[in-house]
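These notes concern the structure reproduced below.
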């Protein structure tokens, strides 16, 4: 189906390019006009609130009406569907759980593209397959509008405090416009390249994060078994070539660091099931591009096994607990 | 056989304890007296030279006489075997390639223990199985002397510039005496705990290092395939939760960093075959202690496969090259 | 996009059910009438020839005109595109390299579905993602026709000698009609269940095959290193619980068996790149269904690494060669 | 220490060779004289009973006196230690849990070698590291006696019914003498080559068995998720290239086969902890010989993780249960 989209889009490209550029100009001048927001879940809600705080009027929607209540109380206009938002504003941010939701919100019967205005800027902050981002960008471009992928890192905590990192893919000339909005919700807004590279950067980071975390958990466990004090081992690793974010900023061993999920029975943080999802995306893109990712692939399998064994809702650093011997023969 | 050693040692322990302490005192006063050195390979030679530079007379040996030439020219006394060194000095450092060499040098027919003086301090800087370190410590203690394991990190470069890190295991009351000598050869001398914990720390660090390196190589490769610029990707990882020593200090992708082996066709650095050896030790200790190390184990296998495919002598960051697609179907 | 298809198909379902059944009846009576064939590659060509041999007139097409020459000489009618075939016959077999080709041949602008007659039987023998098979089945059903997936095992050799195994998914009441044609090309035609289960069975078999092959290669290599004669080891495994198809019917060690690729420098057989492709499908379906497949996943990575190291065109049993040590440090 | 043994043994070799051969002759004539047995655990007890049944007087010992009771009631002579057995008979079978036990029973202060008669035949049926078998053989040869390794497959069931398989390593000219005794306890007695190859064959078989079992469990699980009936999937695999002992003789999915542990809540059979032990031996020998065993190594880790998660005592086919999703996010 994607092929159909790609074929027809080429006819429109040249003409649209001109229109998009001139409309983008008028959009840039329209700062602090209404911004659309689709997806008011645990991440989307605080993000939209931060836009509101910065003085942007919000028009929003979510498939669960109860998710809209809080925003409405704060003054946001709530509407029934993404198409209605597209009809009323030319800057829209979407924050959705997975690829099928994004496809529905953009190309579904009540989707954004049904009513999108020429020159609109559509920013998707969901973490999805870069190939889907590219499809959405192509379909958006056909309508004379602009699509950018801008997934985040930092989790709910950073969303609340407007300290997210955004990794942004799309036309470079649109980055300034995107950054105006994104910097209301985050402290780092990084331009990564063409459409899909925002997702690519996010996926790559999380794959290496997962590898580092499991590696740290294995290493700490082995060291403890060999008679090392865990705090001392962490200290040695952190001043040596074994150091990584998981060893020095988010150590998975209870008691080694304060203020991290390992100190709180692995509550809060970044759930194992979400890490498994991101690793699934990494695996899919690796398979598509014929890239060998042996450790990334095994990390994916380990987080998948953990989901099967009751760890889905715990922080992903609970892999330390998962790997420890519970009972002897 | 080890069991035999362990059984008999207990008879001597109490009496020896007393003797060792009093002799250690006289040894501590004897600073800048002759120091023995066994093993003058790529690591041992510069280490011994740094001791010489600090004013310690050296008495040394190596199974390859040509390795001794340079030290002899610098004024070191060269003798035929470890036993002869033990006969003439009460502080000896050993730096050998693997467990069997250590066993031979300590317990062989011309080994140190044949002539060791009571109260001597024997420091082994080889990277070997911690179980062998414990056996050597037990055999040494039986002779009324002291054994410490003190493996290094930093490689030949750090050995030359006296910037090694030493991870030291053994009786805490001997650590000061050991540190006096080791700090002539390195900048970090870390006390890790009982005998064998120096090895444990070294092995743990290198296992996590290997995991981080392969993970970084996979991730960079995947990101490049997905359209990201490698320098930009490294920058993003290094400011995010994916960062690790291999991504920010030793990046395996040619062109991303200067002064690392990836910029020099993976020459120099830490050879794949040595990493495979250290991962073999990690695997052995994990098997012995029934510790699951899934990523460490797969990292071991990958470095083993690389050795089989012509990468034995290249720096271990060449895993990036190993994983890249060379030809299409 | 798939969602769009799925949504609209439900409207047609009930009505179509009735039409399909009655047309299927008339089709069943029309045995030995013309059969369509799309895809005349290394597999498709001999398959179509075997249908010809059994007396079925063939109408065929392929994007490479030169692939059609041989069939044309044997009396097949060659046309320009799949749509033309669909216009002229009501039984069509497709045999294509991968999912995008299948999507194009069925739903493209000159695809089968543009002209398919109500009640037609469309059998796809390509090995693709079962999710794509389901999408094609849904799109086909919307047109009042029937789609079945029927991937094969056995390779080019079995295709030539009409000894393929077909694993068939789709409506059970259509199985007899499908079997009539498929049994001209193969000796085993197995009904697996609903649409997509043919693919599922194929993918599952090949995943276990890959695991068994790499496992056998590792095991034989280890045994040889430990001093065992390879023929004797194979004999012991094959009479014990270690036996598998790769050890007793397709041993990867040169000299152990005759008439297998290991005896012929790994020429012929089933190419590593095709196994890597099938393992990619297995990985994708496992990720979609959140199924942990740790060994299948690692097998995928190993075959992917082999493709990167020059083994793409060799038989997949060459993993034995890939894993053997070539040079010592 | 092993090196010490090896060095001295060479002095004795030539002379001993002669003595051993002539004494072996007299031993061969002495059939149905007393046979020694060390180790009366779950395996050793039924093995010794089968020797008794075949008319061999038994002289036995075990560190747990209560293990000896049953044999004593059946007429076996029970003594205090292995040395005493060696003093009274010239054919001894040992069946012990692991390497340290074997070292103690042979070379300990009350061990067999303290009193072994020249020309005695010592057969070790324990599953241990082949390197330890070689050390024991060398120590035995030094005393003028003969050592063979003869590990078994088949488990407690086969031990009870005298249907074990013995894989025998050692001097070929002693094989007939060993077979006389071993065939009282098993139906297959296979000569594998020099000392240690019996262990090698056992370890190789079990490594491939573990890989096949986990692979089968993953594959069956994936197929079920994809909509296949498990019995049908097993049937398809078993007539295709995916078949292996675990799929066709010991299927891990409850309900697919009768009379296997999967049908009995994974009770009985071969415990996960024992498989983990054998995979540890495989890993050790692979590391020693620098052989890459990526799947074998991951299989080891998976069984190790299972031990950590409560599966130590269940049959090793319970990996199917371990990998199945228990709960959704």
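Here the chain labels run A, B, C and D in written order, and each chain numbers its own residues starting at 1.
Just so it is clear, a contact is a pair of C-beta atoms (placed from the backbone, for glycine too) under 8 Å apart; a residue touches a chain by one contact, two chains touch by 3 or more.
The model shown is predicted, which means the values in this text are computed figures rather than measured ones.
Number of steps on the shortest path from chain B to chain C, with steps defined by chain touch: 1.
Averaging Cα atoms per chain gives one point for each, and the point farthest from that of chain B is the centre of C. Each chain gets one centre point, the mean of its Cα atoms, and the points for chain A and chain D are 53 Å apart.
Separating the CA-averaged centres of chain A and chain B is a span of 42 Å. Each chain gets a centre from the mean of its Cα atoms; for chain A and chain C, those two points are 36 Å apart. Taken residue by residue, chain D touches two or more other chains at 290-294, 298, 302, 305, 307-308, 323, 325, whereas all remaining positions touch fewer.
Of all residues in chain A, only 271, 273, 298, 305, 307-310, 312-313, 322-329 touch chain D in the complex they form. Within the complex, the chain A residues that touch chain B are 130, 153, 165, 167, 188, 190, 192-194, 196-197, 200-201, 203-209, 211-212, 214-216, 218-223, 225-229, 232-233, 236-237, 239-247, 249-250, 282, 285-286, 289-296, 298-299, 302, 323, 325. Only residues 1-5, 100, 103-104, 107-108, 276, 280, 283-284, 287, 290-294, 297-298, 300-302, 304-305, 307-308 of chain B touch chain D when the two sit together in their complex.
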